[in-house]
Amino acid sequence: MLAYFGPQGTFTEQAARAFSADDELVPFDTVPAALAAARRGEVDAACVPVENSVEGAVPATMDALAEGDPLVATAETVLDVRFSVLVRPGGGEPRTIASHPHALAQVRHWIAENLPTATAVATTSTAAAARSVLAGEFDAAVSAPVAVRHYPLEVLATDVADVRDAKTRFLLLRRPGRLPEPTGHDRTSVVVTATDRVGALSDLLAELALRRINLTRIESRPTKGRLGEYRFYIDLDGHAAEPGVGDALAALRRHCPDTRFLGSYPKAEPGGAPAGTGDFVAAAEWVASLREGRGA
Amino acid sequence: MLAYFGPQGTFTEQAARAFSADDELVPFDTVPAALAAARRGEVDAACVPVENSVEGAVPATMDALAEGDPLVATAETVLDVRFSVLVRPGGGEPRTIASHPHALAQVRHWIAENLPTATAVATTSTAAAARSVLAGEFDAAVSAPVAVRHYPLEVLATDVADVRDAKTRFLLLRRPGRLPEPTGHDRTSVVVTATDRVGALSDLLAELALRRINLTRIESRPTKGRLGEYRFYIDLDGHAAEPGVGDALAALRRHCPDTRFLGSYPKAEPGGAPAGTGDFVAAAEWVASLREGRGA
Amino acid sequence: MLAYFGPQGTFTEQAARAFSADDELVPFDTVPAALAAARRGEVDAACVPVENSVEGAVPATMDALAEGDPLVATAETVLDVRFSVLVRPGGGEPRTIASHPHALAQVRHWIAENLPTATAVATTSTAAAARSVLAGEFDAAVSAPVAVRHYPLEVLATDVADVRDAKTRFLLLRRPGRLPEPTGHDRTSVVVTATDRVGALSDLLAELALRRINLTRIESRPTKGRLGEYRFYIDLDGHAAEPGVGDALAALRRHCPDTRFLGSYPKAEPGGAPAGTGDFVAAAEWVASLREGRGA
Amino acid sequence: MLAYFGPQGTFTEQAARAFSADDELVPFDTVPAALAAARRGEVDAACVPVENSVEGAVPATMDALAEGDPLVATAETVLDVRFSVLVRPGGGEPRTIASHPHALAQVRHWIAENLPTATAVATTSTAAAARSVLAGEFDAAVSAPVAVRHYPLEVLATDVADVRDAKTRFLLLRRPGRLPEPTGHDRTSVVVTATDRVGALSDLLAELALRRINLTRIESRPTKGRLGEYRFYIDLDGHAAEPGVGDALAALRRHCPDTRFLGSYPKAEPGGAPAGTGDFVAAAEWVASLREGRGA
């Protein structure tokens, strides 16, 4: 059973289906609610958007992951943000077209070219837009492709997006347990809390750079209620089971005892730097040999 | 004349008023539209949310600032995210309470305690909620305090917020021109584009740390359309006119020729590290003396 | 049996006696010869000067340690460079005073004040000076205090030194074996070979600094016959058996596979930074817990 | 008029002649004495060995440069340490061969092969060996090639050296004045005093590495009389008149106000990294444009 940040018919549901075609999917009103269900063990995992979302859910996800009982990502998926435009069967030329404002912003040019006389109307989600069309309130909805599974609407257009490369990344989060096996192209996510000592973040990134570990995302957020303290959300290339990444995680933890592991999981998309250079195993063995008087 | 990201009655309007009590304020539908008006010189400046916004506008602001003709912040303001609950005069106990979903999420406990039987209804903005109450559609609106200036509603409650320290930061952006005078507690914003060479960001932050310049915010965003390339938005303590910050900006620019300056302006809130240690002026004079054969 | 860089009667013999009051001491003509005896197992250990020596032996020691079969220091001692002035019994006012040129340089003021009419004569070692006095060739010798054990001369003055804090540091070197127990105030010596890639040394020192490991000495020497390649001799505070130092050594080894361990041994003199901050054991356990799915 | 560290007939005299074929050369007994003559203006410049010397003079040079009135190197020269073996004309097969012990160490194999029955005898300098041969005391001298200019001896062999690449580097030091013109392959020498704060040296080297400035030599020496304080002698590629090197020198000076410039001068030997990457001039101009409101 899989929780996801609902309602039905959004990109997050689509991501949840990508994670698990067979599981029962349960929508929750908010990201924290979906994560809480996973924390309590009511569901096996929760699917939430984490980055670059058109639905604005990112800060909610980040805050919810940094506090409370730990959850660990075991998979990610990235969806192209390409919309379907849904209409009532036989509804004629749409005069109103509804969606979440962020979605409308991403299809503005398409509307101007294809439905130049239509009025764009804002709803609270892309799924709500579909429901409003079904209810006859508006004529067309800019929705996630999955919405058509839930609402008996007709697809007027698919693959609609002014910007070709808009994407949303989703994580599948579980209670800590066995890590996914390393695949050679994994990502590790971590959140580090640091006081604003000048140079604290510089030290953390130097620990990664010295191990040739590539950072693919960083975002600071002030810690609630403690002035001058920041959380840094860092995604890096590699898997905690790999010697170099494990070594780097230990270094981050030494600098910041509040370091929280958010998971190692296969990257949804190819690319990224190769795993850390240097033979961590050989170096550790060398130190062991020194300590035992077997070498120099 | 001041553009702002509208509609009327939101926190952004309230921020715009904080920047300029007297100027004429012009709402724009989107952040890019408000900024475009400033770029074209149709308005003197534009007020947009930049960080931690309840309205999800941050990525829009950041993307819009990183591309197109340059705009430079000359002021910031930080608003506590504390809502007013507005009702129609003489409307009785509200049975529905409307607002943007993010706003509703931030007053959930207040509603549970004060209007336990009310149904929360999502609208597309906090201002839209106020309008819907005025129209009789819903009974109460969770709105920015400024909304009451525009809608003849009654204030049922003020200072409503489950979380005490939620804040939104706004920038006032202008075409490049004379910088604000340094005040001794300024912030400088910059956006740097770096390829994902391992260690690129580590080098940038080392440049700051070695000059004892404090970083107060960092956020990466992938560059549209160029895989493996990132933009890093960095806020740091100090003013470009100060020798240490100027020296640091030059260093960032050497590493990343795409570095874009987003302004030096007084910090809205106290705190932060003191200005960079080390006497940059004396050191520069020493090098000049070496070059001229006057010292060693 | 202990080899030392002779001849008899020098500060190095005095250091060898400080290491081992009871062992048989065997002088060798050169540092490499003394070390070779230890390498071959003909002696248990070799005592050689390593730093700041008045006898110029440092480069010889460093080169000899960096190549050939490994030797590891198990102890150090630091001698104040304070000379005795030796004369023949009943020899009258000295008109000539002999010593190694470096020693003469260090007692110039003493001679000017105490034997203003004496002529300073250079010999090949401080011990050779004593022998020349014994032989009647010269009238006074500036020697190591220990010289008087070997030559039946009279001590005209002790504790002679223009500069009060001149010191020579000596190492006791053995074939790799059980390390001395950590005492809490140890030193670790290492030699690292790095090509002249810009920043190679900077990376090595960052590895130490990030672990709060204090460096007490560094010296580069070009590698014989390979242009643009350097050896860096580094002394640092701490013991290889300590988690932080072990971790740092592994890091150096990853950067430079030619890293050679030269020993961990109690510091002869107090002072130095406390051992590396951060709990290396706790951090390693945390990573183990992540990998086993027990935490985050 | 040129001072040099004598006596006549050594490699240092040979280096002095390389610096200036025409000047009058004045030998001084010690490095400090030669430098003092330059400081007082009695000579135009002083030639002293600085690195890897077979005569052990390096520490003396380094200490003398770090204290007292400033002197600045304007040239360097590197001599191959290849000896001549000098004998009295018609003297027959040598039975004794004299030299400074370091020189003897460097020709051991040559002696074993070419004069297998000769006894090696130590003298206080290579020049003293030549004088002793002239005096009939010993039969052969291992000397600097220049010695034959001063002593009417016969050259038995030239180019004698067991190790092919032994070299000594010499500096020509003057009172501060006009720097030599940059040639594109220069070296800059500097001495920096730093307390033993963990990481102080790491910061200094990071300043160089971040500017892609190559370090060709580093040596620490404890500061006399101040425990836990070190001097770091650093040679780097480039010229103080170059923007990048000047910028780096200013950075070192900010970290360590005791930083002393020891000169920028053409490298005696080819090689080394190209001058610092990044356009320092363009970056400085960009910052100026920001400050003047001309750009972003």
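A, B, C and D label the chains in the order they appear, each numbered from 1.
The definition used in the following text is that a contact is a pair of C-beta atoms (placed from the backbone, for glycine too) under 8 Å apart; a residue touches a chain by one contact, two chains touch by 3 or more.
Bear in mind that the values here come from a model prediction, so they are computed numbers and not experimental data.
Visitor: Touching subunit A and subunit C alike: which chains?
Guide: none
Visitor: How many angstrom lie between the centres of subunit A and subunit B, each centre taken as the mean Cα position?
Guide: Averaging C-alpha atoms per chain gives centres 23 Å apart.
Visitor: So the centre of each chain is just the mean of its C-alpha atoms; given that, what is the distance between subunit B and subunit D in Å?
Guide: Computed from C-alpha means, the inter-chain centre distance equals 57 Å.
Visitor: Would you kindly tell me how far, in whole Å, the mean C-alpha position of subunit D lies from that of subunit A?
Guide: Inter-chain centre distance comes to 60 Å.
Visitor: Out of subunit C, which residues touch more than one other chain, so two or more?
Guide: Within subunit C, residues 203, 206 contact more than one other chain.
Visitor: Looking at which chains touch, is this a line, ring, star, complete or other?
Guide: Ring.
Visitor: Which chains are in touch, pair by pair?
Guide: A-B, A-C, B-D, C-D
Visitor: So in the complex, which bits of subunit B are touching subunit D?
Guide: 70-72, 176-179, 203, 206-207, 210-211, 240-241, 246-247, 249-251, 253-255, 259-263, 278-280, 282-284, 286-287, 290-291, 293-296
Visitor: Using the touch definition from the top, list the residues of subunit B that touch subunit A in their complex.
Guide: 30, 52, 56, 59-60, 100-102, 105, 122-125, 128, 163-165, 196, 198-199, 201-203, 205-206, 208-209, 212-222, 224-225, 227-228, 230, 232, 271-273
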